[in-house]
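Both complexes below contain subunit A, partnered by subunit B and then by subunit C.
Then we have the complex of A and B:
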């Protein structure tokens, strides 16, 4: 069987499945591997068309060796599992030129399943999942076509495999819901340090601009209960208190940890769940100001939250915050040596600050002056001119054009110059509300920088200098405001359309986003919900319940499928035949089934002898059947009569199950 | 008509005790218009049966003893030079009759056996470019000894396929044997049997039988049987379309003989052994035809219901 040559239809199916499972890998594999796979497929296709012949053995050996060396050379710096996948794909491609016997095709197809599943290592979106399911259907069709010994139409294997896979779907769902998790499969060491963007530990004024070019999702937030106002959505991520004259740095000394507050549902707080995309850093964006957080995270005195390790996978955390609470009240002005430090340089700026300070009676008046100054002379732009060494002075007196980073940096500097402790906070601001799934979507271009200043009795107070210049930036979603700027998302042509004001497009975008959100929450991060969902479904969990939850649907689906197959086989189009079959099935339990090849007349005679009390009925059954089937006097009346007679013989009214079976015929 | 048939069968039954089933089969074969092959050991009453059938059907009857040195000309006739007219004149052979009893047909060489091929299938004989029609009805009843016996030539498949039925007589039952012993040789009674059927009535009967109704489910059954012989691995080759027609026609006649105007699967099953057994050859045996066992296998593995 395995030595048989593949049929021509089967070969086409093999090639199709090879193409479909390698296609998604093209983007991350070295280009020469794609070329090798294409070459192999073309070669095999030419053999199929009778133009070329299969390659000789020495050539195949050379190709294998060359491919091995090629993979080693391409991944000299290492690449984790990518190397393995590359090796798998190239070997898989090379096997295609050997595709001749059924044996070869089995190897190719089993590997195809593996290659299809490795697609998930690189992407886990809804689209990928749909694609992989389609690929699995194609590969199964190829397997089907390999096992069909005769030539069939091209579509036939597809039909069969879809029919076969349909019963597998409910099982897939049950396994997904009930199977205990060992962490998702794709949490393997993929080398993706360069893949994602996020906030850096330092901030020079131009930094945020880099992020505004990215429409990548930073995180999603779902609120339990109340949702804060858009202007309150400051997602605090990193606090920068060291200023070196040009850029802002994170505090080098260790910020003390916050004592733990376990009461996540404290009154007056907002509870929310952050689903964070990988950012290759530790920070976790939280609303001002943190009140409770999961035990596996560290919270610091500057009200930031961080994970103990780099966030390399999508993570999900339940957090609560109090927006009305101030912090830092227990400090005195002496504690702020760092927050008051100003390096040398930027003398013009310092002079400006002191002149304002002399004119103002209170710190508030000073701030108002600052506000006014910005308001009159400044432009908000994503593409400000570059700044030199005295960045603050240059910004304040020369360029007067900048982005949130510039405003935050300058404002913090001015405050420090007059002895008000101040620091820069970076994070995200706002987010896009999705009405279908009720969550905020925060993208990288929502990245923002603002400042905090400390006043006695008030503690740390948040101020957003950008809002003084461009209030829209805070009140509306970032894309509404920024889209007027040419630099916004300039590297991302595809998302440009989605930013438009078109209502329908907006709606579609929200729908797609909602779908993605559901996908992340319920499929990719399902292990977070699993316990809750299972408890919701089954009550208190026990191993027995879990086993039953898995086993019952399995046995149900399998027995239903078997029953259906059997039913289809047994059931003929002929109603009288069906009745005789039912009769035979009933008496089968008494070892009086009709034998293969036994005529109905003979069978009824046998039954009449077996059950003499029904003899007359059996004889009538046989006569009626003969009339209907052979005498060609098939009328509805006789059929009803036959049904009645057989029903009588079966005692249908005595046994519910028999009645049910009888009803089904 | 049916009464006449019954009478006919009874008359033959007076000659051959306790073989009613075989007699019915033989009559079915002749009414269906086919040739009959009777195979059994010597002395089982093959010739008596053939003889008696010819007598009761009042057919022209020729008996031909096949021997190993026979030539085709001995069967189909020969052209002889007439000295007076200076021409060759064709002298008809024994084949020109309504019922030809080919006794011990497998004692002659295949060459001579083949002389009957055209006559049996086409009802005509071609000699030296001239074609001569045979009388209607034309039947061949051939008898043969089992092939395993000495001095026999197995009939070629082409020849076998032309026999509608092959029946075996078998030993008589205890009771029939006793009757035979007490009653003496029944063969003497053959000439005194009263003919029950004229040739014209025979043809009329044939028409009546062909009008017997066959329902779709019976046709399905017949097709399943035939497909089984072709697909199953037990046989070297399946049944030919001629064989399937033979099964259908004999089943019709059998149904008529049993007083029905429609065919039931039992009719088909009854005809399976005589019609199929000589057309099939099991894979393992060589020369032997499919025995009882193979037919039973067909019957028990092909279902009557769809």
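Then we have the complex of A and C:
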């Protein structure tokens, strides 16, 4: 049966499914693969139209070899799943040329299913999910079209596969909810080309401009219980204590780990759940200051939290922090050689610092002077002019324009010049509160840099020099403040449009965001919720309960489908047959039912003999029936006539009710 | 060796299947008679689902999990869809066409369904025959079709069991059913030219053209089925007097007897073949012919019904299973 030739409709469906599953991959595939696929489809179409002929075997072999070498050459660095996807796409693209038999199309379509699902390795938005569902519907239609023995209309396979797929969706939901998820079986990772923007381990003012332009989601946070004030939302991610004169680096030495504190629900703490998008790094943003964290994570003495491996998937962690106490109280000034180190250069800045220091009686007075200085002449901008070698001095005396990175860098430098230990902290600030689902959404443009200075009595104290210059940046969500700046969201016109002061638009946006949050929490991150949900639904879990939970709805849906399929059996397709059956059913009580195998003409003759006064009506019934069934004159008019004649026949017993019933049905 | 080992199992299952097989002239397929099993493509589909499940598990990707679950659900449903693409089909044996040895015997079937489902791509073939027919039933609800079997020897020809099979909708599963239709064709002996029968005093060719001229018209008779069309009185028919046949004097004496004893030099089969040949020739030339066989004789006459009678007797003469 497999060597059956493809019908023309089937061929078109194959080509359509190849196109639809390849489209979303175009952006990350080498461009020549797209060209190869297009070439193959065009070639096959030309064959279909009878213009070209199928390529000879040697040419096909050459193409396959060339494409294989091409893929390997394009991905020199091994690229994991991208190479696999590229190979699959090239493979089934080439197979398209020789689509001729059912067997060929099976290979193409099965690979199409695989390629369609790998779309989810690159994007997992609601839109992508809808697209993939459409793609699966189309591939399924193509699969069905190969199993039709005749030329049908183009839409016919689609119509029937949609009908057949509908009951599959509730089954999918049941499996999705109930099927236990296993952990990864072996190490996998997306390649670097798919890496997203995120915080870097170094900060040379200028880097964060790029981050600011991205509206990508960094993470979402849901608080259990109290929610801190917006000005307190400093999501600490990386601590940079090495300054090389131009940029800030992460401490090269190993920072000691924090002792574990498992009691998450300590009083006075904020409990929250961070749903972190893949950032291709280890850091996990937390509020100052960490108090408890999940056991699979490492917390460090600089109050940062990190995962043991790179975060390549969306992850979810329950963390608690307290905002009321500093840390590092047990240290002395001698412990901070690194936090006091200043390299050569930037002499003007050093001179400025020491002149202020001489005028100030306390460190606080020094800080006030710094604040004042910023207040007078400085501008907050996302497009600052470039800085030369003495970046701090240039910023403080010449350009006087910058964003958080510049201010943090300069302030930490000034503090260090007068002997106050200081370092830069990068992370995110604030977040957008979603009133519908009660969570904060933190985007990449919320990335921020601030400083920490150490004082003997207070320990590490957080200071945000940017807030001195642009207090709005801290008090309001970043999009409110930054949207006036042209550089903001340059890369993302759509988001820029959606960010507006318009109340209605804002509400719509929040609704969409809430939906998105639900999507992330309940679909993309379902494996974190599964146990809780199942326990909520079923009580204590046992394999038997789980099996029943899967089986009962599963069999329900299937039986419902079968009922629907069988329901059609109840009615006969033929209206004239139905009427004869009704006639027979009526006379059955007088023992004059139609016998099995008896022709309608014979039956009507028999009835005519039985009720001679109605003989003419019976004969007319049989004539009309013959006309309708065999004379190919089955029109509505004749059916009405037949109905009327049978109506007369049913009148044999002068029962008005029977006639009324007949004409009403 | 291996086949010897499996022989009892095969025989047992064969007998089991044969018992379940529906028999008769009108058969409706139901769960008792339908078998279903994944095709090679179905196993491959299962492999695709498994690969997706692995990818989903390894990348902790719930959406790929969802796709693999969707495909698994579709596969499970496909079992039912495939089953329902056979279940409810009615096969009715209409007629077996008769033929000569070496020709294809035609078996006419009617396929219909008493429900509103569409049946797509159902393949019908006799067991052992490679060629079959694909049918679909949509709104027409009824399909007449002919299946052919090569007639290898004369006598009754009962075809092997009929196989109905479908892989619709997705080719993942094959549902099939064996039915034994109560349909028998009669295979006539293969016509072979031979010596003229002795009662054939004149060559047929020689008599052509003189038929009407030589014989004297003796009157009109009422038309009997089987009478030669040449003898129909068309003029009288046109006058509205009904179908009449012209009678000619002298025809009775020209009647031909195809007798078993005529060709003693030939074997049984060859004799039957020659008799078949001459029966066909006589019918072709509107000569009345009768049949003498050791166990019976048929009075001379012409016409398709008469020919069928005679050919039937020739076919079944000492044939296997002729006692049926």
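The rule we apply is simple: the second predicted complex is superposed on the first by the 556 of 665 C-alpha atoms of A that agree within 3 Å, B and C clash if a C-alpha of one lies under 4 Å from a C-alpha of the other, contacts with A are read in each partner's own complex, and residues count from 1 in each chain.
The rule we apply is simple: a contact is a pair of C-beta atoms (placed from the backbone, for glycine too) under 8 Å apart; a residue touches a chain by one contact, two chains touch by 3 or more.
Given the structure is predicted, the values throughout are model-derived calculations rather than measurements.
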Subunit B versus subunit C as contact partner of A:176, first or second or both or neither: second
First, second, both or neither for A:581, with subunit B first and subunit C second: first
First (subunit B), second (subunit C), both or neither touched by A:602: first
First (subunit B), second (subunit C), both or neither touched by A:106: second
First (subunit B), second (subunit C), both or neither touched by A:164: second
First, second, both or neither for A:539, with subunit B first and subunit C second: neither
Comparison of subunit B and subunit C by subunit A residues contacted: C
Which superposed partner A:523 touches (first subunit B, second subunit C, both, neither): second
First (subunit B), second (subunit C), both or neither touched by A:147: second
Subunit B and subunit C footprints on subunit A, overlapping residues: 572-574
Residue ranges of subunit A in contact with subunit B within the complex: 572-574, 577, 580-581, 595-602, 626, 629-632
Of all residues in subunit C, those that touch subunit A in their complex: 40-41, 44-45, 48, 51-52, 54-55, 57-74, 76-78, 80-81, 84, 88, 114-118, 120-121, 123, 134-136, 139, 141, 167-171
Subunit C contact footprint on subunit A (complex, rising order): 1-2, 81, 102, 106, 110, 113-114, 116-118, 120-121, 124, 128-129, 132, 136, 140, 143-144, 146-150, 160-161, 164-165, 167-169, 171-172, 175-176, 179, 181-186, 188, 313, 523-527, 558, 561-562, 565, 568-574
Partner subunit A, residues of subunit B touching it in the complex: 213, 215, 217-218, 262-266, 269, 299-306
